[in-house]
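Here come two complexes built around chain A, the first alongside chain B, the second alongside chain C.
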Partner chain A sequence: MRLPMLALKRRQWEPFAFASPSLVLIALVIMFPLAYSFYLSFLDFDLSVGPDANFIGARNYTESILRDGRFVGSIVNTAIIIGPALAAELVLGLGLALLLSRVARGRPIITALLAIPAMVSPVMAAMAWRMMFGVKYGAINNLGLQLGIIDVYFDWFGSSALARASVVLVDVWHNTPFMMLVLLAGIQSIPTELYDAARADGATPWQSFWSITLPLLKFTMAVGLMIRLIDLTKLFGLIFVLTYGGPGSSTETVAFTTYLAGFKDFRMSYAAALSYVIVGGVLLLTLLFLWIQRLREARAA
Partner chain B sequence: MAIALERPRVAARRARRYRLRRGLGHVLTYLGLLAALVFFLGPFFWILTTSLKGNEDFFTFPPVWIPADPSLSHYLALFTRSSGARYFTNSLVISSLSMFAALAVSLPTAYAIARWRFGGGLLSTFLLVLRMLPAIALIIPIYIMYKMLGMTNSYLGLVVVYTVLYIPFAVWLLVGFLRDFPVEIEEAAMIDGCSRVRALVQVVIPIIAPGLAVVALFAFIATWNEFLFAVVLTGIETKTMMVLVTSFTSGGTDMFYGEASASVVLGVLPAFAVAFMLQRYLVKGLALGGTKG
Partner chain C sequence: MSRRARWAKILQHVLLIPFLVFALFPFYHMALTSLKQDRELYDRFAVPLIIKQGPTLEHYTKLIRETEFLTWTKNSLMVTILATTASIVIGTIAAYALSRLKFRGVNSFGTGIFVTYLVPTSLLFLPLAQVVNWLGLADSKWALILTYPTFLVPFCTWLLMGYFRTVPKEVEECAMVDGATRIQALTRIVLPIAIPGLVCATLFAFTLSWNEFIYALTFTSSSEQITASVGVTSELIRGDIYFWGELMAGAILGSVPIVILYVFFLDYYVSGLTAGAVK
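Let's look at the complex of A and B:
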């Protein structure tokens, strides 16, 4: 009678024992700091003033959204960068995945080579491109001058529009390979019989792309876009190295503005509030995306 | 009779046209991929050649694209003048420690989820949500806590953060590997008198070692690439390569190209190695955020 009970208890105990180290670490290093930061966001803790802090309610939050032009501007900047970057990464990634799926020989090696930009750190990608864009010694200006395409040493970060375009270009270079890998996996999971049947019925490759590949790839594309969208809201290292938010504050992203508030102005409480606004925004975006997905599925059904 | 002769001829013409179009399609496909390779790998190539140039090669026009006599002088300068050797070692040590710690902690958790469905679906969902969490939300409280504990500017501080940030990803991948592992082998070992822990260490781990290696390599790259925590939490002695590289941006867009390019070459080295070793797992790893710290 006692033996099975002991065995049961032991079996309930074991999973906890196995899982506890990481759960304890997550609680200590992620959950507790997050809770502490939430508490902090209702104070006026400012390291440049001193260790004393008072409870000021939701004033940090109202300031961030209603009165802080820089932060609101950074939301706009982030959106301006995200839109074209997502579109370009999807189209280019799809194109490359289609090309790769038609290659019979050397596909693994070409895929691995094309995937490399996605493996390097945003900081390194940005540094490489900052040098490429360099006014006097950069590869782009020198190549352009040598080929006679441009006739002056051009400043690729001279205006806010140019700087934003440069940021988008670098992000596209950095992350299109990821989109390509995801979509290639999606394309390869489409049964080839479908294409054989379509060809037997006299469909052109163009037609089978529109009525087989694209519809069956929708879900994969949605997942890829979702992941990229969430990652783009975190855009920081790339900005830090490529433009440091400039010119002016035209390429400051939400993460970058929050970093400045915390580690340049030392307004810890305010930065904590900003980070919670970002978390809320990302959560909202995710829910919106899921809702649209479900709506479209419901309409399709 | 005439019809019978005509048919094969028409068929042959059609086949030829088909083959021609397919041949053309192949050529265009490879041309497209070649253009992509130039765009995606060109910057690396240029950075590599730039890092091997002599100082005088920077000031000539037309520009020197491939240095006539490559020199390692910029690497030497980076390692001595800019303490590059120390920061490269820091990166290696921090990444290796985080990699081992993350594996050691994540494997038992993944085992609990795979074998006992620990936490139901809830734990897996929770781990996925953690993956979406912006690092900027964590850096502010952690910085304040580390200041109080005196843990800034230390290896330990960074290793702890990296280990924990990596747990969700490692557990997700490891659960997959463990589910593919036949339970019968383990049960056989346990019937023979092995304890659960011993079965895990002596039977399961050796067999899923390739899977562990995949997770480890992704962990290494992720911590190697991480920047936000590194730039906030490290000091002059504990800087990583990612932080060192940003110190070259102070000269505007025309910074000191030699050392900067040398540091980029060293900074992307692990990515090149791992991209080839992990070909098969790239999608899964990248999708779950394997290379983002």
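Let's look at the complex of A and C:
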């Protein structure tokens, strides 16, 4: 009788002893930066002025939203890039996943080949495309001229619309494989009996796609979209190499402006405030996303 | 097989071809550029899709002899291996604690870990820049080894929690009734079952730190301390001049190890995505 009692006692203190070092570490790693940034955002700490800082209340926040045209512009830019990129990644990813799920021969190797773009870093991806889009000696211009499709050396990053489109194109190239792999895994987890039953009842492939695949894939799609949405709000490396925010400031994303504020202008406090404005935005977007999701489900039910 | 079914099969493969070309062409072009002689590379009338004047390794030899590329790669390797190892160890213990042990606040802790993924990178690295300065680690690769775990540990913990939950609790309890300690239960029973999860977390952590850019860009700057991704972009692009041959050689050498790793471990990668995304 004593042994189980001992085991029980051990069970009560052991969890804490076991968990505390790593959990304290994680808590520190999460809590410290969040809290310190929050504190920083109410000061006027500016490394280019000096190490002294004063408490200035919410002035950084009001400046960022009301008077900083560049930051507000970067929110608009981020939105303009996120919309088409997310849509294209979802549609292409879904299409590829559906195609791949039907391919019987050579599926692993084709999947691996299609997934390669997602493995390289954003910086390397941007570099490869930067070169192809180069004004002189770029593959696209050279080939276009030689084939007579274009008649001048075209600057693909020359106008804001083209530069944004190029950023979207590179991001779609880089991240569609992620969506494809997530959705492929989702499709493969749908039991095949459902399709067999539908076929036995005389459903066309189109019908079984709409009434089996899509509804059962909804959750996977939502999670994939959400991860991509969050990633896109952090878009930095790709911009840094591909356009450096240009032309003008038309491809400056929120992450890029915050980086400039903190590490080019050395306005640490202001950059912290910008970060918190972004957090607010991302939270709002996530909640909106979940709300729409719930609304849709309510309507469906 | 009916004729129609066979045509459908062929059509599926044919439909995939444009996507394969789109996905792989940039890599082909990278490899091509890195192997082209400069006079062909900077010739407007040369066809960009093939090498006509003979391949050369001069960009690779230049990259290795005339730049600090080997040092950058060594730095990348050191930072990646140390940060990954530390994160996996801490993440494993934390994930085990969170998935097995029932105590108050365990759920909000899990949510908190996910929240770190939501917040912008700048929110984390502004304070970390201060810490790095206080510790006197400015412009040192040790700053990276210290700061990478701040995003790797939450990520590994989150991923591994999913795997540990799939290991039935009863197996461990049996062992513990038989006199095994908690640590023995973890190392002898749970970890061997969760090996796919560990491989997956290692793979993700390795890639995340190998490909990391923004921390490396802000915390290090001198040629002896920077990692490969920063070195290639900061020292092979001088103002408006791009040393394309060397840049692409660097990009190829920096990406090939990761790509090979993934092609071998693609199943683990996918299972990690689904553990994180689908469950």
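In this section, the second predicted complex is superposed on the first by the 273 of 301 C-alpha atoms of A that agree within 3 Å, B and C clash if a C-alpha of one lies under 4 Å from a C-alpha of the other, contacts with A are read in each partner's own complex, and residues count from 1 in each chain.
Please note the rule applied: a contact is a pair of C-beta atoms (placed from the backbone, for glycine too) under 8 Å apart; a residue touches a chain by one contact, two chains touch by 3 or more.
Quantities reported herein were computed from a predicted structural model and do not represent experimental measurements.
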Chain B versus chain C as contact partner of A:P84, first or second or both or neither: neither
Partner chain(s) touched by A:T220 [first = chain B, second = chain C, both, neither]: second
Partner chain in contact with A:V135 - chain B first, chain C second, else both or neither: first
Partner chain in contact with A:G246 - chain B first, chain C second, else both or neither: neither
Partner chain in contact with A:V123 - chain B first, chain C second, else both or neither: both
Chain B versus chain C as contact partner of A:S189, first or second or both or neither: second
Which superposed partner A:G73 touches (first chain B, second chain C, both, neither): neither
Chain B versus chain C as contact partner of A:G144, first or second or both or neither: neither
Set of chain A residues, in rising order, touched by both chain B and chain C: 14-16, 18-19, 21-23, 25-26, 29-30, 33-34, 36-37, 40, 96, 99-100, 102-103, 108, 110-117, 119-124, 127-132, 134, 136-137, 139, 142-143, 145-146, 173, 177-178, 181-182, 184-185, 223-224, 227, 230, 233-234, 236-237, 240-241, 255, 258-259, 262-263, 268, 271-272, 275-276, 278-279, 282, 286
Residue ranges of chain B touching chain A (in the complex, touch as defined): 25-26, 29-30, 32-33, 36-37, 39-41, 43-44, 46-47, 50, 58, 61-63, 105-106, 108-109, 111-113, 115-116, 118-119, 123, 130, 132-145, 160-161, 163-165, 167, 171, 196, 221, 224-228, 231-232, 242, 245-246, 248-249, 252-255, 257, 260-261, 263-264, 267-268, 271-272, 274-276, 279, 282-283, 286-287, 289, 291-292
Chain B partner contacts - residues on chain A that touch it in the complex: 11, 14-19, 21-23, 25-26, 28-30, 33-34, 36-37, 40, 95-96, 99-100, 102-103, 108, 110-124, 127-139, 142-143, 145-146, 155-157, 173, 176-178, 181-182, 184-185, 223-224, 227, 230-231, 233-234, 236-237, 240-241, 244, 255, 258-259, 262-263, 268, 271-272, 275-276, 278-279, 282, 286
Residue ranges of chain C in contact with chain A within the complex: 9, 12-13, 15-16, 19-20, 22-24, 26-27, 29-30, 33, 41-49, 90-91, 93-94, 96-98, 100-103, 109, 112-113, 115-130, 149-150, 153-154, 157, 176-177, 182-183, 207, 210-214, 217-218, 229, 232-233, 242, 244, 247-248, 251, 254-255, 258-259, 262-263, 266, 269-270, 273-274, 277-278
Chain A - residues contacting chain C, complex: 4, 7, 14-16, 18-19, 21-23, 25-27, 29-30, 32-34, 36-37, 40, 92, 96, 99-100, 102-106, 108, 110-117, 119-125, 127-132, 134, 136-137, 139, 142-143, 145-146, 173, 177-178, 181-182, 184-186, 189, 219-220, 223-224, 227, 230, 233-234, 236-237, 240-241, 254-255, 258-259, 262-263, 268, 271-272, 274-276, 278-279, 282-283, 286
